[in-house]
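Paired with chain B in one complex and with chain C in the other, chain A is shared by the two complexes that follow.
And now, the complex of A and B:
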């Protein structure tokens, strides 16, 4: 009965109610979208941190962390392997050699970590093999020897990333929708090698105007890119005795994750070949990376592995990628701040509208009281009116927000102008917004809370009315 | 005549003012929504911009410089061959350019460092110790305290420390600190414990350290690198690398001091030496790879002017001048990204507040339709009525705006002088990324005044509605409503 009256009351002044409802709807849509983008980012960061970079759990020699010494290998390796093999929680694991090295090409050199990996087992633990760029060769194969996998960023540093406009490319451009005058302009730089994206970009900027660049720049850059696959890369590292040794590997593939920091520091070769280079019959194992079936059981696994020996140290992804873990923990605070501010801003409008609604109905309210409607009912009528008003907007906003987020979640949003900066700290320039069910529950709770809070003042105002006096007024 | 006009204005104003207070509550709520938006926007922007400023001055003014002179190829291909000549007369010339605060030459290159069986690829920074003092000031980063095994043992035996403090010390075993503040932050003792035990801990953990002289042939080694190389002060490190124009370079360098770089990435692989020593090692007399220049301020205008002047000065020297955002586009983009996401948030906030104002205006018009009709019927010009309504709206907005701007003043003043220092994990993470974990407020600037502009635009837009309604008002209909 009371809810019905409240609902009908809302529609007595349609314009006014619709304004509040629209405000709430738009506010909630923005909230859902902002949080969706944040959440999408954080989930992407956590997914990438775990699947590309640190896995769920890693084991190292306790000394390795401090000195990255080649001889600080994992202690009691066989015992650990038998624990890993028998533990049903463990989905996959792999062992790695991890050494600091200098990679050199005839044009440049850079320092990085070189990982000796077992490609078969590695694929079960890390998703790097899915991150090979287009035209970027392939992932190392256990049967092919002498190959190295480096990142797009490392290729850029080592000047293995070059740009060249070839005759077939010109043909391809002609056949595609590229305007003729652009193709003619590009024809003039045919056959010239550009050793860095910057050089190529500079020449494009000279040849094309900004409008053409804006439309076709990325396409031209992408198609003209040519990695020097199969080029030689010299690797210098210290062998088991501390003497510098050098080996030559051929570039087999280029990968690119969303974290340039990680990319720049990581190159991969076959574990046995690396062992040959540093002069050991059996590969040295510095790192074991483990993926679990269920990340919730991470602490159990950590404890089990820690008890094997105290010479090793076991880390979870939260310790290895503290930035991602912290974002995960802060997510709820972001919910609270975003939605809190939006609701607070909305509260002003809601209070104003409700006060208005009460003040113009003084006589009616007085009448209701005079004919015996008790205070509790009046109070709940007004409170329900506020809740309905706000919830109508909130439901519409959540629905629209959800539709919007699921659409954008498929297409993704691209923040190209900030891309480099984001990728430097491990956040993709492409965001796929997501919202969780939890978040909607949270929004509903906040909406009801705000509505109840905003209704107190107007409701109290209504209760203070004196029936006799209100009836006397015109 | 002019008196008469003034009178009308005064009357208009009086009417508008009284109208505003006819519905006191509604006016106050609407004004406070504007107040809230303005206040929140100012405080948020002040923090954001203040933090960026601090971050930039932290990273840029002590590592990159506002401007940097380089060989044109150096940024793409940072090799020793892409260096240029530099001498004291050039130093003086650049120092005398208007707005230039500091001029700091650097010679950067890579080499292999080894001590006994340990070898590692390292980054070497050639510095001028005297001039570096006004720039990155490496003397401040010398390791002053270290929780060594012996220090731990002595502290345990001394019996002055309770078990809880010893446990914390044990957890931080082998860590090095270049300041007391950092030691306090990382130990994370309770406040009372900090006051009581830190002076004692410092006494036990103090270590000797040294710095480079003007013409020193020694080196400073970063803390983690020193630990990897198992090098201590007084040890000799072998450096091997490629010298100028392909010559091979090798030399012995005594360790003079250990420095603690805040960013772990640098702490793992940095060695500093004097420029003359580096030039001798590389066989590149007179060559350097960059000159970092700091200006009086970071505004686009100053940077542009400085860039032009130094470019003119260096004409024909085979060098190029780069700005900090060209040299560190990553930091620039991160700041832009964060700043713009903050602006989106404020956009949403103002948007909602605008809807609130708009709702109020619609209600007000609906409520006063009859009144408008009466006023116009008895001969008030529509223009005058419109003027009065506009005044009402302006005052409403101004009330919230002025309130918000004034209320923000004490906050900005306080947090400008007493910035928030982040503690705990967040603080540690920021310092690990090489930033100071400090969040100061930004001094009043465009961000502060722009809020007024936003509110004025909002009010103007909201005023359009009643003005249109009055225009279209039909007295007869209005009177009947």
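And now, the complex of A and C:
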């Protein structure tokens, strides 16, 4: 009967209880949303790190890992391949040549890693082929030779990315019912090439007012973007003897991941063509990237591959992308910090409400003690009241938070204005919030803990009451 | 059978500048089935004496023995439990639990004593019927009159079959009709349940119904008179 009384007691003063419940509900919703966004970002970062950048496991020659020397290829390659082929835990793998190079166009040059890949096998371990930008050409075809795949960022550096308002584009704008005054303004910059988004944006800011820019700026930028597909890029690298060699590749495609740092440093060509350039009959393999069926088995696979030879070094994704791994490992700490701060703030409101409730019921508590309700039962009653009060808000908050996160998980939240900043550190500007079952268990534990903690002071106050004195009060 | 014994009980409150001797050298015995009134003017020590008998307060000296158990020898936690099992309380201002219905209020102490559900239900109905409130058993105290609330309080006190019931001025807040109705019910239950009723009062109508009248003055027993009822 104590739980029943406790539940009924919280509805004695409906307004006061509803205020506390609403505060808890809003607190939990914000906690769920905040953690959902954080978790969404972490999961996206881990997914992108594994599927675009480092795979589950990578093997290198230990020396290559230190000095990136062209001759430091993977040791005992055939043995490793046979282990990979026979291991049921391995889903796919691919070998790569990885060399430092300088990419040059008539307008600019940049240093990067040039990856020699087998485009078909690469698709099984990397999702780069799905990251080709609109109007950005295509992923290299295994049957075509002489092509290079670079990132949007590299294209920008090499000035292979331009913005131009063409006559067909003006016509397209007219047909798409872009206001006439805007089309007229755009017509005035027709045919001018802008070699960077910054330059083009600056001219748009001059021509259009802020409202027009806000409404049509992105559409105009996206439509005017033109990559110089099939343009030549000269690659300079050191051959097997340490002499500089040069080769020319045609730009076949532009990709863009959520990590600008990776994009800026990575360009891809056919592994056999690259071998011809550095003067080797067979491709030199510096890196093997491996995807597993189940990432849980990562340590088993690492151990198996490490035993083949001690000249190679095997890394898991956590070692290759320590930022993502750290975020993942720290997720529970983030839960604790976010929810802890919210619950701490709410605890003061809960304590205040419970103290008021005790003050109002002094005589009744005295009567309960007089008729034989012992300290343990009085304490339980008040503690349960606090737990019910807090839990009512928490359940509502978790449900509302879950619905909100589920909806936003589908539509995503777009932090377009800060996109460049996010992508510079490997995070997408579009986040899809997600919360796990574990998180809700954690919230429940925190809510109960807060409720129990918040009930101690009011309950102690109640226990100090003297039945004889309280019964005398009016 | 003797169920309650007070031996040279004194209670001195020395919290204020001048110590107050609220109960002086009281020695009394109560038999099973008594219907006793403690009377006296305000400040004569009636409520203090009831609090001492009920174990809500401890005497400065002397002994209170209930069914062979000296209250002073019980640990505080055991005393609460002892009170729960042996003493029923009826308060002047009813003191029902406002969030519970009449039925739940009556059931409350039995549930604390872990009575089986079936027995609890039967006893609750029996008592609410005895106090004439079986039709109002699902009403909350706020929907009942003062007299009805006090009848529920009597039913609650009787529910777990205590050794005796202490009632502190039970009719003080009732009009004459409700008071007389309550007294009739208490008398009837006293006869039928053989439960001892000890109540403090200065209401002459209550005194008239009592079969034993203990008069207090300045904390002392001034007179202790057993009245032969017509029924006896």
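Basically, the second predicted complex is superposed on the first by the 473 of 474 C-alpha atoms of A that agree within 3 Å, B and C clash if a C-alpha of one lies under 4 Å from a C-alpha of the other, contacts with A are read in each partner's own complex, and residues count from 1 in each chain.
Keep this in mind: a residue touches a chain if its C-beta (ideal position, glycine included) is under 8 Å from a C-beta of that chain, and two chains touch if they have at least 3 such contacts.
These numbers come from a predicted model, not from an experiment.
Judged by the touch definition given at the top, the superposed model places A:471 against chain C, while chain B stays out of reach. Between chain B and chain C, the partner in contact with more residues of chain A is B.
Look at A:351: by the touch rule set out above, it reaches chain B but stays clear of chain C. Looking at the complex, you find that chain A touches chain B at residues 13, 15-16, 19-20, 22-23, 26-27, 30-31, 34, 66-69, 100-102, 107-109, 111, 159, 195-196, 198-199, 236, 238, 241-244, 322-323, 326, 338, 341-342, 344-346, 348-349, 351-353, 355-356, 360, 415, 417-422, 424-425. Those residues of chain A that touch chain C in the complex are listed here as 1, 4-5, 8-9, 11-12, 363-364, 367-375, 377, 467-468, 471.
Within the complex formed with chain A, the chain C residues making contact are 51, 54, 56-57, 77, 80-81, 83-85, 87-89, 91, 95, 97-100, 104, 107-109, 111-112, 156-157.
Per the touch definition, chain B reaches chain A in the complex via residues 25-26, 29-30, 32-33, 36-37, 40, 76-77, 79, 110, 112, 114, 116-121, 123, 174, 224, 227-228, 230, 269, 329-337, 340, 344-345, 348-349, 351-353, 355-356, 358-360, 362-363, 366-367, 425-426, 429.
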